[in-house]
Amino acid sequence: MASPSVSADPDALTLGQVLRHPTIFIGVAIMAVMIIGALLAPWLGTVDPQSLSPLRRLKPPSAEAWFGGDMVGRDVFSRTLYGGRVSLMVGLSVATISIFLGLIVGLLAGFVGWVDGIVMRVMDGLMAIPSILLAVALIALTGASVGNVILAITVSEVPRVSRLVRSTVLSLKERPFVEAAIVVGTPFHALLTRHILPNTMGPLLVQGSYIFASAVLTEAALSFIGAGTPPEIPSWGNMISEGRLVFQIAPHMVFFPGVALALTVLAVNMIGDGLRDVLDPNYRAR
Amino acid sequence: MLSYALRRLLAIIPVMVVVALVVFSLLYFSPGDPALVLAGETATPEEIARIREALGLDRPYLVRLTEWSLGILHGDFGDSIFFGRSVAELMAQRAMPTLWLSLLAMIFALVLALPLGIIAAWQVGRAPDRLAMGFAVVGYSLPVFVLGYLLIFAFSVWLGWLPVQGYKPPSDGLWPFLSHLILPALTLGVVYAALIARITRSAMLDVLRQDYMRTARAKGLGLWPMLLRHALKNAAIPIMTIVGIGFGSVISGVVVTETVFNIPGIGRLTVDAILRRDYPVIQGVVLVLSGVYVLINLVVDLSYGLFDPRIKY
Amino acid sequence: MALLHVDNLSTSFKGRKGEVLAVDRMSLQIDKGETLAVVGESGCGKSVTALSVMRLLPEPLGRISGGSIRFEGKDLATLTERQMRRVRGREISMIFQEPMTSLNPALTISRQITETVRLHLDLDAAGVRQRALEMLELVQIPEPARRLTQYPHELSGGMRQRVMIAIALACDPKLLIADEPTTALDVTVQAQILDILRDLSSRQNMATMLITHDLGVVAEMAERLVVMYAGRMVEQGKVAEVLSGPRHPYTAGLLGAVPKLGSSLTAGPRKALAEIPGTVPLVRAPQTACAFAPRCPLATDQCRTELPPVVQIGGSHLSACWRTEDVPGMAIGAAS
């Protein structure tokens, strides 16, 4: 929504300046913890997330099992750390792929007249399908796997990115310096790298972090309703889904993955909000 | 006005055609054999053949597409593989709980979001603004199901004020009906409220800067007449827009919320259909809910004229 | 006793680089029924003075940091917001420079007039509507009944300013503050609006504080004149006295392009303030020297180091200048 108002060249900002923004700083800090937890899971006092121990069954958090055990006796702490891998991978992949595809579709629609009409109608149609439902329809047919989850969420995010890119291209084409560049026959790749991409990078970066956040949420929701990551892979959505049947007696099974999930999404959204602030010329003028 | 509404109504036809095409074509162009996936791992060859026939996977794409589309135009969404009953009938049966749930969620969201957004704009940069925007960012970061369980834990298990799960129709009495809906509607409403509150704040900030707000103060108007009568009406269009767009999050949320609270609505029907791999039901639900979403956004579009007299159709 | 007595008013704004004193120990008085013109270049504190009186400063950035604003004996600077609301629109009204944006685009004209009337006067529904109609007639809007149902975008700029005047005068205020009411309008419409203002203020025996940079408007409308520079009063007196014999180099500079007072009193084209080289300085601390000195052809070392006192030249004619004696001898146009 707010992304069209963003326009700035990110080159003018240094990484340090960006990190000094309090919201971004907190977001990055939380994300760093999450990423370290997921990547270094094997060395952080975890056991095999699939190993069963009858002693741990439904046990509340203790010194042995920090986050307690689940209904078949697996260690919730280990599963929470490993589960982060799925969420972060889905978030990162969906954000990258949909930005990439959306950029291509948006550029095509913005520059090639006849593509615009057709492609944008298709995008309108895709956008009319609420994202979880589109993913559900796709996964029901292709079967649950992390790859299919990524594909399904990407399909519903691409239209939003391509719309953003298309409108940026169309408004840039009106601007005198771009018009002039087109008239004098600047080669397309030069036009792209000199004028179009620098002006789309900022909004795309912001959009990318929102997509990351929403992909993490959607993956968890899909797994929760049984149409996401297959049950044999630990993921936060799966863990909550398993915990929901016993959550009155073992709330920790829902609580820990739930908190991890909420914190991750919060962190990414904070980074997105912060970036939007920093890239917004009105904000910087203050 | 009427001709504009008509034109807008016509404009949603191509959108719905694309939706229908996507939903239908997935079945044909999915990699692998959908019948195998839909039948499940333990299926016998007979079952697979039956599913293949029921979905028409053995017949040409265009023929099936034509039949299916003609059917939908007559309100026939095909038959459920699991129940053997018509999808339309199943959806009609499950529609009411979902309708009540989303209606109440919308009311909660607006009641929560508008004051928050307005106060945040009025107190911009100060504590109430930070609090409201902090709520908003947490609100749309909290997964619906995590929030749902938190609320159940607090209000049902711990305090014992409200029932844990389930649904009672209004015919069972107002309190049983409402008490079962309060928590799910709140759960569903919070994400929506967070979206609306943010847009309300930024739209109000734009309006509060305007010269006519100074005029309103110069008249000696009090704070609330000024914010509500003079500012909110001018901020209404972006707010209405997000109410429409954000309804998508309500529809997605319904699927999850009904699972958390065990409500026998369309969302629950969808989840059951996924678990049973009942593809015709999924097709029907996706199509109908997308239609609802598109229609709501059409209504939003048409409402602009109510708020801005400069818009003429 | 004066209706409004602004005494030693200071108003400061928080800016990006610290506080700015937009008004620095400013004083002025307006008597009942009198029209006072406040003149100066843009940025010299006229509008801020007016907004301070109305207590409409954009809080929390702008605030009154000193002095008093006595209106009928009570100090507006110390009233609570709630008490001030009963003053605004009832005792003191204000109209603004931009008629195109000063009316609420989403509300009907009727709504915008009647809400003030309903707020401040004890009238029944029919009386309120009657009052709104009357006001539109008073400001000479044709077909008032139809206009009431319209929205601002259906009206021209001149019509909108008439509606603003109708709103401002609907509750018979004792003082009207008009902040450049005709600047945004074209010349013929300007004359009509000024006629309406003059006519209504004398009919309702209302005092007017007219902020303008148009000396022609001053000559036509006002009895007395206050000239402001860098947030301070530099000269004041009867309009005829000041315009024919300015005693402050700034006023003389402003008048540079209007050599003969008589010509602007007749129907001739009005002149805006003359161009004086340089700009109005930003004041950050209470001034300790004459702020005009850097642009003044008569400036001496004393002007640059000591704040000039206010000198009485005769009757009500005051000037704040070390070299006020030398101003009449100043070659006209020397400043430009």
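When the chains are written out, they are named A, B and C in that same order, and each has its own residue count from 1.
The working rule: a contact is a pair of C-beta atoms (placed from the backbone, for glycine too) under 8 Å apart; a residue touches a chain by one contact, two chains touch by 3 or more.
A quick note: this is a predicted structure, and the numbers were derived from the prediction, not measured.
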Common contacts of subunit B and subunit C, by label, are none
Farthest CA centroid from subunit B: chain C
Between subunit A and subunit C, the Cα-mean centres are separated in Å by 56
Between subunit A and subunit B, the Cα-mean centres are separated in Å by 21
Among all residues of subunit A, those touching at least two other chains are none
In the complex, subunit B touches subunit A at residues 14-19, 21-23, 26-27, 30-32, 34, 37-38, 137-138, 140-146, 149-150, 152-153, 157, 164, 199, 202, 242, 245, 248-249, 251-252, 255-256, 259-260, 270-271, 273-275, 277, 279, 282-283, 285-286, 289-290, 293-294
Touching subunit C in the complex, subunit B uses residues 210-212, 214-222, 225, 229-230, 233-234, 307-310
The residues of subunit C that touch subunit B in their complex are 54, 56, 84-90, 93-94, 96, 98, 101-107, 115-116, 119-120, 151, 153, 164, 167-168
In the complex, the residues of subunit A that touch subunit B are 1-2, 121-122, 124-126, 128-134, 136-143, 213, 217-218, 220-221, 224-227, 240, 244, 247-248, 251, 254, 258-259, 261-262, 265-266, 269-270, 273
